Structures are given as C-alpha cells and as structure tokens.
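In what comes next, chain A is part of two complexes: it sits with chain B in the first one and with chain C in the second one.
Right after this comes the complex of A and B.
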C-alpha cells in the first residue's frame, strides 16, 4: 500500500513561485495538505526603517504590479494617521477612483486569463481564445483590462506605478475632459460587465463546483454606507469587528516550515479568508444597484460559502467597480490642484484597504523628524494560506475518485479561487498529490 | 499610428541575461542612433505580457527583441518571422505565464497582429534572480543583435 501524492510545482497562471503538496492515505484520508511558497522574502519591512515617511507609500507600491495601489493607499493612510494628516474630500475620491481602476484591470485579468480557462477546460487564455464562441469576450476582456490601465495612466501619470499620489494629496490631477473620455469608455464597458457575470455564474454553477461549500471566517472591511475599498472597519461574518488601525492586534502572523510566507490567523478565532467573495458576503447591500440586480438575475445570493463562487463575486465587483468609477467621475467634476501641507510629527498607526484579492494592511511608527522607526505590512495572500489548506482538507475527500490529473487541476483551482499573489505575500504554485493505493 | 516601425525590447532588468532585450534597445539608442531611420521608435517594454497587444496597435511594423533558451550556444542571435514562430517553451514567460508567442497567437486570433513582425531572440545563459548584469557570453552578443535589428529595419523599410 502506498500514499497517493498530488504535487504540482510552478503552478501556472499565478504571480510568484510556490508548490502544492497533498498526500492522501489509503482510506482516502488527507495526511498532508500544504501550500509551500518559495518566492524569496523581500524584506520591505526591514529596509523601510530609517527612510523618510513620504518614501514609504512610494516604495511599497513596488511590491506588486497588479495591486500597487492597495499597498500604496494603505501606506498613505497609515502614515497620514500616524502624523495626524488630514486629506481633502477630492483626494479621498481620487484615491477611490485610482483603486477601482486597479480592480477593473485585476478582476478582468483574473476572471478571463487566470480562472476561466480552468472552468472551460483550456490550458490558457490563448487556447480559450481559439474557441470562436469565446473569442469575442476574450477580446472585450483585454479591452476592459486596457481601460483599467488607461484610467491608472490618467490619474497616476504612469502605467501601473503612480507618480502623482503622495502623502497629503496629489501633485497633479486629471482634467475634466480626460475623466469624461474615460467615463464614456466605462459606460460602454457596462455590457461587458453584465456578460462577464452571466458567464461566471454559468461556469461556477456546474458540478462539482456548486456543491463544494465550507463555512469559514470571512474577513473584509465593512462600511454600512459605502462599499469598502479604501476605508472601513475590519469585520467578519462571524461577529468580529474592530477598527482597521487595530489589525496588528487581531491579525497574527507566524512562520511555518517550508513556506516563505507567514501564515495569518485571527486572534481568538483561527484561520480566516479574505477576497472578493468575503467582501461581497459582508457588504452585499452597498454593491451598486446594477451589481445587485445582476446578482439576482444570475441566481447569486449571500451568505455564500462556496469558494468556487469567487469568480462570480469577482464579476459582480467588476460591475460595481465600473458603476462606482462612473459615479466618482461625476462627483469629481473638474478636479483642482490643491496645495499639499503637512508637518512631521511623531506617531504610530496602521490602516487597511481592500486589494482586489483581499485586505492589505500597512503601518508603522514615525519619529518627530518623519523618519520611519518601525514598519509592518501583511498582503492578502498571507491571510488565505492556512484557510486554503482547510479547503484542501474539506474538498479533496469529496473529489478523491477523480483521476490524479483532474484532482490536481481541481486543487489548483482551489488555490486560484483566492487569486493569490506570492510576490506580494512572500510569498506560488506547484501541486503535489500523493495517495495510498 | 505614432510611428512607422517599433523596436520593442523585453526583459527583466533583475534577472541577469533576461534583460538582453532592454540592453539591445539601450545600445541602439546610445551607439547606433545615427543609423536609425526616421519613423523608428525604440521601446523598453520590460515584461509586458498581454500589454504587448496594446503596444502593437501603435504601428504597422514591429521588431521584437527578447531572450531565448533553445539550447544553442549562449550569445547566438536568432531571427524569426512572426508567421514562422519558434516553439512556445523557448521564450521566457512573464508573471502569469504569458510570453511573446502567446501574445502573437492571441493577436492573430483577435486580428491585432502588426502587418509585419520580426522576432530577434538572443540565446541566454543565466536567469539568476535579483542579479543585475549580463553574463560575458551574452554581453558579447549585444552589438551583433543591434546589427541584426538594423538589418531587419533596412529590410522592412526598404520594401
């Protein structure tokens, strides 16, 4: 008798390097279910010490090319809080618009290039585009990704990494004409958002995906009045609530062997999960009216504890992000260049934003000369690793009769449900399945 | 359309020889500027993934310069026409596993391929992460690759 082992190294369609290792005993029991991240550590928290406070938001956006603005805005808000810096309403709105641009780009990329090929049985988005029925929507998805990128260029002055957003405000603002041109493109992309939600629901409502359910601690930001992207309190479906600046007290990290990414737990609770499905569960009421309408039309309701429904949640958030961006452009009108004023002041604080793949935490301590004395950050992927192993333990026994290749693919999909970003978390993918015969 | 011909170099600055595409563009700009005809734009694209399609939309003719690992001697300079592509697995992949060959395939399916495209691939030795600088074998091929780009520009523009 021997164990059945599922091992996949260098999982495709992921950001960063890591491996999945699953060992199934002869009676179908799970002996090991691990996700090992080898992406090398990046030491941001260490090298920020001794830097000037205004450099932190500038440098941390370099952590990631997919969610730079989540890191950037978390850092801005934490450092501003530490020094008691207040920003204008226009700055808050521009930061929201900047971050929704990331969501549009990231969600379109994830749904079509990373997740959908698994569901429809293609190796990649390129192979999927070979299907004449799917080619048009792949073309539109690339258009939406482009739109997200162009919004970022308009607001940030540069593709991906921003050059205009700084501690206290913006050094340049987009013109009304630029924003209106983007608004026209956003309105034109609404139909794509709707088609995406319909396609996502169709894919995730197939077996075995629709039957795989596991209740867990779903953590996100929460705001009763506004869908939380840059601001809100920490909140879970199971009664946890805390101000976002208290994340270091509540979200605990520990090193585990064979993984360069620390595992996070919620104090007094245990493993937690973050991401679009968790946000949508906790904040369904503040999704845009059209996103809620489409949810009803495609048969999605909350609470929903089916991890494979993440693709639907992501699609609903894509619709919401498009709607929110249109609204923000209307409210912003003609943005004005505002003077940036702040003074260095000693202080310590923390802040959380919602990256496309879940809560992104930054913060630290600054001295009276504006020099960073301590810095802390937790990327979304770190939050999900321990809980992902719970998914393996819950779902692999239900899929144990599948042949190895198919079971490995299903496990890879479980990982991709969380749209992990190892580079951010360092923090990938390689699936190793081992079963006793 | 902003240029008649784009020369696009790809690569990761922080992965040793993977940066060859960037180095070729820089050398063209610094050493061969007087040999570049009007209407040619040089672009250091980094690791653009599917954003290549957006770059290609800007001109009807494109020369791509990238690293390649086909098993030939390091420093060997290969030429491919986009209608006759090398196997997918000899080209480096960007994050999310997309490379030039994927972008060409997707561009073809979507009708977004430039009318003419030549790929110049330089055989590399090392992709050591967090290492800046080419290995001597690949460094020695930079000027040869520049000359191949200039020949390709001449061939395309002279048509």
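Right after this comes the complex of A and C.
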C-alpha cells in the first residue's frame, strides 16, 4: 500500500497557528480529518480568578486582537449582570456601534484580504491588487476597512482595543460632529457594500463551491426584533433555544489530544457551527431592508447550508452593519458624558455576544467585594472545530479527484469559511493530506 | 541589506500572543501598497506571505511559552539581520505572564479537563530571555506610528529613536488636567514609558501602564502616593501585576506589596 501525503506548514491568511490532518483511504474514504491547534495555552480563565471585576473586561480584550470588542463586551455584560448593574441606553447603543464598527473592519478584511484571493487564485491581497481589473475594488475594500478602523478610534479612542469603555459605561464619548462625519462616510460606502455582495455571490456560485452542502446545527444569538450583535438568546435552526446566560449549561467543551483548543458541542445535540452564515440563517428577517433586498438580487435565500456561501453572508452583514451604524448614529444624536456608578455585589452570571466570526461567551462568579471567584470563556473558533471536521468528511470525498495542490487549497478554504481566529481559540495551521493507495 | 539592488525583506512572526500587535501592519492599508514598492513582505502569515529567510528586518509579536516557541524563535533569530520585539508579549511576556505567578499544574487543572494533554513551559517570557534582540517597541498593543518610524529608520540606515520619557510628560504636553491632582486617581502615567500619547488620561482614565516602566521609574514615590490616596497594599500589588506584569521593575514592585487575603 503506498501513501499519498500532502503537507502545508501552516494555513496562510489566518490569525494564529494550527494544523489540518487528513488521511484518505484507498477507496477515497476519509479515515481521519482533524484540525489540530497547537498554539500554547494562555490560561486567562485561571489567572482571572482573584482579580477585581473591572479588570476582567480589560484583560480579556487581549485574548484576541481580531475580535477584542466581542470579548470585552461579553465580559462587561456578564460581570454587570452578575452584580445587577444596569447600564444606560446610551451605553448600550455605543457598545452596539462599537461592535458594528468592528464587524465592518473585520468583514471587509476577511472578504477581501482572506477569502477573495482564494476564490480568484491569488496568494494575497497585495498580489490581487497587482491585477489592474481588481485594483479599484481592492482599493475600496481597504477604504471600507479603514472606515471601520476610524469608527473604532472615534468610539474606543484606540485603533485596536478600547480605552474608553469600562464596567458601567464610558469614560469618554464621541462628539456629534465626529459621528456625523463618520455617517457621511458610511453613506458613501453603501455602494461598495452592494458591489461586495454581488462579487461574493459571483465567487461562491461557481463549482465546486455551490454544490457543497451540509446541514448542521447552526447556532447564533436571536432576537425577533433586532439583529443580534451584543444581546439576544441562544438559538439554533434545529429548535434549540435558551437564555444566553445559560450557555455554560448548553455549550459543552471537550478536550481532545493534540489540540490545545477545547472543542465545543451543544448538549444533547452534538457538533454546532457559529458565524455569519448561521446568524444570517437564524435572523434573516431582521437584517436591514437593503441587505435583504440585495440578498434577493444576488439570489441568496435562507435556509442555506452551504459553508462556502459564508462569504455572501459576510457581505450581507457588511451591508447590514453599515445601515445599522448609520441608524445608531442618528439615534445617539449628541452623546452625553454620563457618570459611571455601580456597587460591588456578590453574584454569578454569563453573557454572549456575536463576534464577527460567531458567538463569544464569557462569565463567572463575583464575591461581595467585587473579586472574581470563577471565570469561564469560550471563544468563537472553539465552537466550530468539530463541525469543521464534519465538513472535511462530507466534502473531501466529493473533491477527491482534484490534484493534491487544489484539494489542499479547497481544504484550507473550508477552514477559512469559518474565519477561524486561533489567537482566541488558543491558535496557525498546516494541512496534512495523506492518501492511501 | 542582503543586496543593494534588492528590496529589504520584511518579516512578521507571531508567538504566544493575541495578534493585536500584527494588526497595525494590516492597518497600514494605504501605506502598504506604497510600501510594497520599496519593501518585500517576505513572511507575514496573516497577510498570506510565507517566503523562507533570510530576512533583513523581522518583527516578533508574542512571548515564549513552550518548547516549539523556543525552537522557532532561535531559528527566526538565525535568519534575521535585525530582530525587533514588538509589544508587551514579545518584550515582557505579555498579559498571559500573569500565569508565571501561579503553579503550572494548578493552571492546567483550572482550564483543561485533561491537564495531562497540555504541554508548555511554566512561564511565558519575553523573547530576549531566549535570543539577542536588536530593538524593543513597547505597548499592549504596540503603537502604529512607532512601527512605521522604525521601518523608515531602518530603510534610511538611521538608528531608530528611542524615547525615554513618561506618559506623564506626554499628558502635560497635551495640557490635560492631571488626574492625580484633580480626581485623586492613582494614575500610573508617572512611571510608564511614553508612546501612546497619554491616551487613557485624555479619556479621563488613569494610565494602567501598558507601555511598561519608563527609563527610571520612581516606584517608591508612586507607592507612597498610592497610600496617600488610600489604596491598600493589595491594590498597589495589583497595579503592578496587571497588563504589564513581567517587566522587572513592575514585577519586583508588586512583590514589595504583599496582598492580604480578602474575606468574602
């Protein structure tokens, strides 16, 4: 028996380090499909014990440089809920605007810098920009990403993390003039959002992508009235529903050898998937009117269980995020500096937000002096690993006739569909493809 | 440079970290297309570049916390002419160095259902504990402007400027109202290295030292100030054992303020 083995040292264009190991048997069957994450553990859950409650949101925004705001806001909400702290409506709106800014930045980055080069066959976005036909759209994408960044700076005071948002509220708020200037730029970027959705649909509607379908447990937050980003209940396409503070009961983590990242499953159900495609499936009705209109134009409808369509879902969310940000700026008007007041109180609670790449869960127990007694967190990537392996098992047999290089690329794309960010799930990647003949 | 006629080869590596210090490179979107004219981005996993060395200028994000990190940083050192540590993680070990003060077995048990599967060092350290380093850029995360200035200096063959000032000075230059005087906040700007432009104090928030200690921090007088402001020893301890916890000056000062167990 001779073996055919493919090996990629790490998966380019992902945040972090990991490895993918695939063994294909003689008859094209998958004998092994595993994603191994070897980034060393950072032990946040352990050293947060004994810290003061306001230090947790500050420390956890350093779990992941790609979605610091999701970690930060989940932690804020959980700690506030544990102590019965109510924040103002303005704070809730600012947090939402802060998180949508992050989505705009992250989705523009993912679609153009991480995913599109795969579909059109370039090594990187810089290589893609070398094509005069693609340069204009790449330029616009970088502009949109910059807009997301500038919004983050305006609200958070810092390009990457936040320096203004604390437990109970904000220590500084953006001026009306700043927000209005951003609103003008957001309006100007709507056209780009539309073009992006068209491009994404065109890319994902090619073979083999459009035929690869696998029904799975699609989990996201859900709110019947408002597209969920910072708040909502846990929900799945297959009838699961629970308050978000109950995530520790429902989302179970298991630890597998060769992987420093814990894999998550849904209690009583099994593997789950999270991310833009899952959110859009579960919440299509509350996407902005224009996002829904564009979806119809590009022929996207739900339910959609095609993982390669996640680039389209991301584009629709980009449109939605732009619309929501404009609306939020209108509602916020002239933000006022509000006093931050709260008292320490013993309690325990948990909260979930939607990071650009899926639900992000934080929580724990606080004593009467505001000292953390227990802390728990599940980053988005951890949620998808088991399902990702299901994708390999389902799709690799259909692609088994492709030459090694192409098959390897397709496997990498399956991973990138989920935009995994391993810095938070612990974290770089290599692909091992092993064919037995 | 390896060859006068060739573009300098830039590399960005990640070790134990959050990737936040690599983002400023991705955020140079307008500059990056220009930069591509004069620089070759040879290795930067997040941007899809993975050319083998040698490299002229390598930026390293992340601390060293396991055997694989230690092996890889030695290889990166061998392959790089100028090696620069960027951010709290690469310079000092990062926020996760908070684990250095707890026993490894306890940490593993607290986080992993099967602790025996986890292999890592008992500590996370800055890269200079393992290899020689040519430059240090502080911050958690590193400052975008500092990175750009560093790249430009190297390209012009100049020695990059290193500031020895404090956040406090930057704050005064911005004519901010002093938080210590006006609000009695134990702001760490007085002993934190400059570079952020006194961000937090400008947002009415005390500096928590994310750029690490300034050149000659007056720790004793700050500890006295904290006491005058009514902080307990435990609170002073936590100030130095926070985002930047493994810089020598902060680490040792934390040890001088032993926390008393709080009853709950």
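One rule holds in what follows: the second predicted complex is superposed on the first by the 431 of 437 C-alpha atoms of A that agree within 3 Å, B and C clash if a C-alpha of one lies under 4 Å from a C-alpha of the other, contacts with A are read in each partner's own complex, and residues count from 1 in each chain.
Simple rule for what comes next: a contact is a pair of C-beta atoms (placed from the backbone, for glycine too) under 8 Å apart; a residue touches a chain by one contact, two chains touch by 3 or more.
As the structure is a computational prediction, the values presented were derived from the model and not from experiment.
Asks: Following superposition onto chain A, is the placement of chain B relative to chain C best described as a clash or a fit?
Replies: clash
Asks: Residues of chain A touched by chain B versus by chain C: which partner has the larger set?
Replies: Tallying touched residues of chain A, the top partner is C.
Asks: Could you say whether A:164 touches chain B, chain C, both of them, or neither, answering first, second, both or neither?
Replies: second
Asks: Between chain B (first) and chain C (second), which does A:369 come into contact with in this model arrangement: first, second, both, or neither?
Replies: So A:369 only meets chain C here.
Asks: When the two structures are overlaid on chain A, which partner does A:124 contact: first (chain B), second (chain C), both, or neither?
Replies: both
Asks: Should A:145 be classified as contacting the first partner (chain B), the second (chain C), both, or neither?
Replies: Both partners.
Asks: Who does A:109 touch here: chain B (first), chain C (second), both, or neither?
Replies: Both partners.
Asks: Quick one: classify A:55 as touching chain B (first), chain C (second), both or neither.
Replies: The second partner, chain C, only.
Asks: Applying the stated clash rule to the superposed structures, which of 114-122, 150-158, 168-176 or 222-230 from chain C runs into chain B?
Replies: 150-158
Asks: Which chain A residues are contacted by chain C in one complex and by chain B in the other?
Replies: Residues common to the chain A contacts of chain C and of chain B are 12-16, 40, 65, 109, 113, 124-126, 129, 142, 145-146, 149, 423, listed in rising order.
Asks: For a test of understanding, state which residues of chain C touch chain A in their complex under the given definition.
Replies: 14, 16-24, 26-27, 29-30, 32-33, 36, 41, 45-50, 65-66, 68-69, 94-96, 98-99, 101-102, 106-108, 110-114, 117-118, 120, 124, 140-141, 144, 199-200, 202-205, 208, 238, 242-243, 262, 264
Asks: Give every residue of chain B touching chain A within the complex, in rising order.
Replies: These residues of chain B touch chain A: 50-51, 53-54, 95-98, 102, 105-106, 109-110, 129-130.
Asks: For chain A, which residues count as touching chain C in their complex?
Replies: Residue list for chain A touching chain C: 9-10, 12-17, 38-47, 49, 51-52, 55, 58-59, 62-66, 68, 109, 113, 117, 123-126, 129, 142-143, 145-146, 149, 157-161, 163-164, 166, 171-172, 253-255, 257, 260, 262, 346, 367-369, 371, 373, 421, 423-424, 428.
Asks: Spell out the residues on chain A that touch chain B in their complex, using ranges where they run on.
Replies: So the residues of chain A touching chain B come out as 12-16, 40, 65, 109, 113-114, 124-126, 129-130, 135, 138-139, 142, 145-146, 149, 423.
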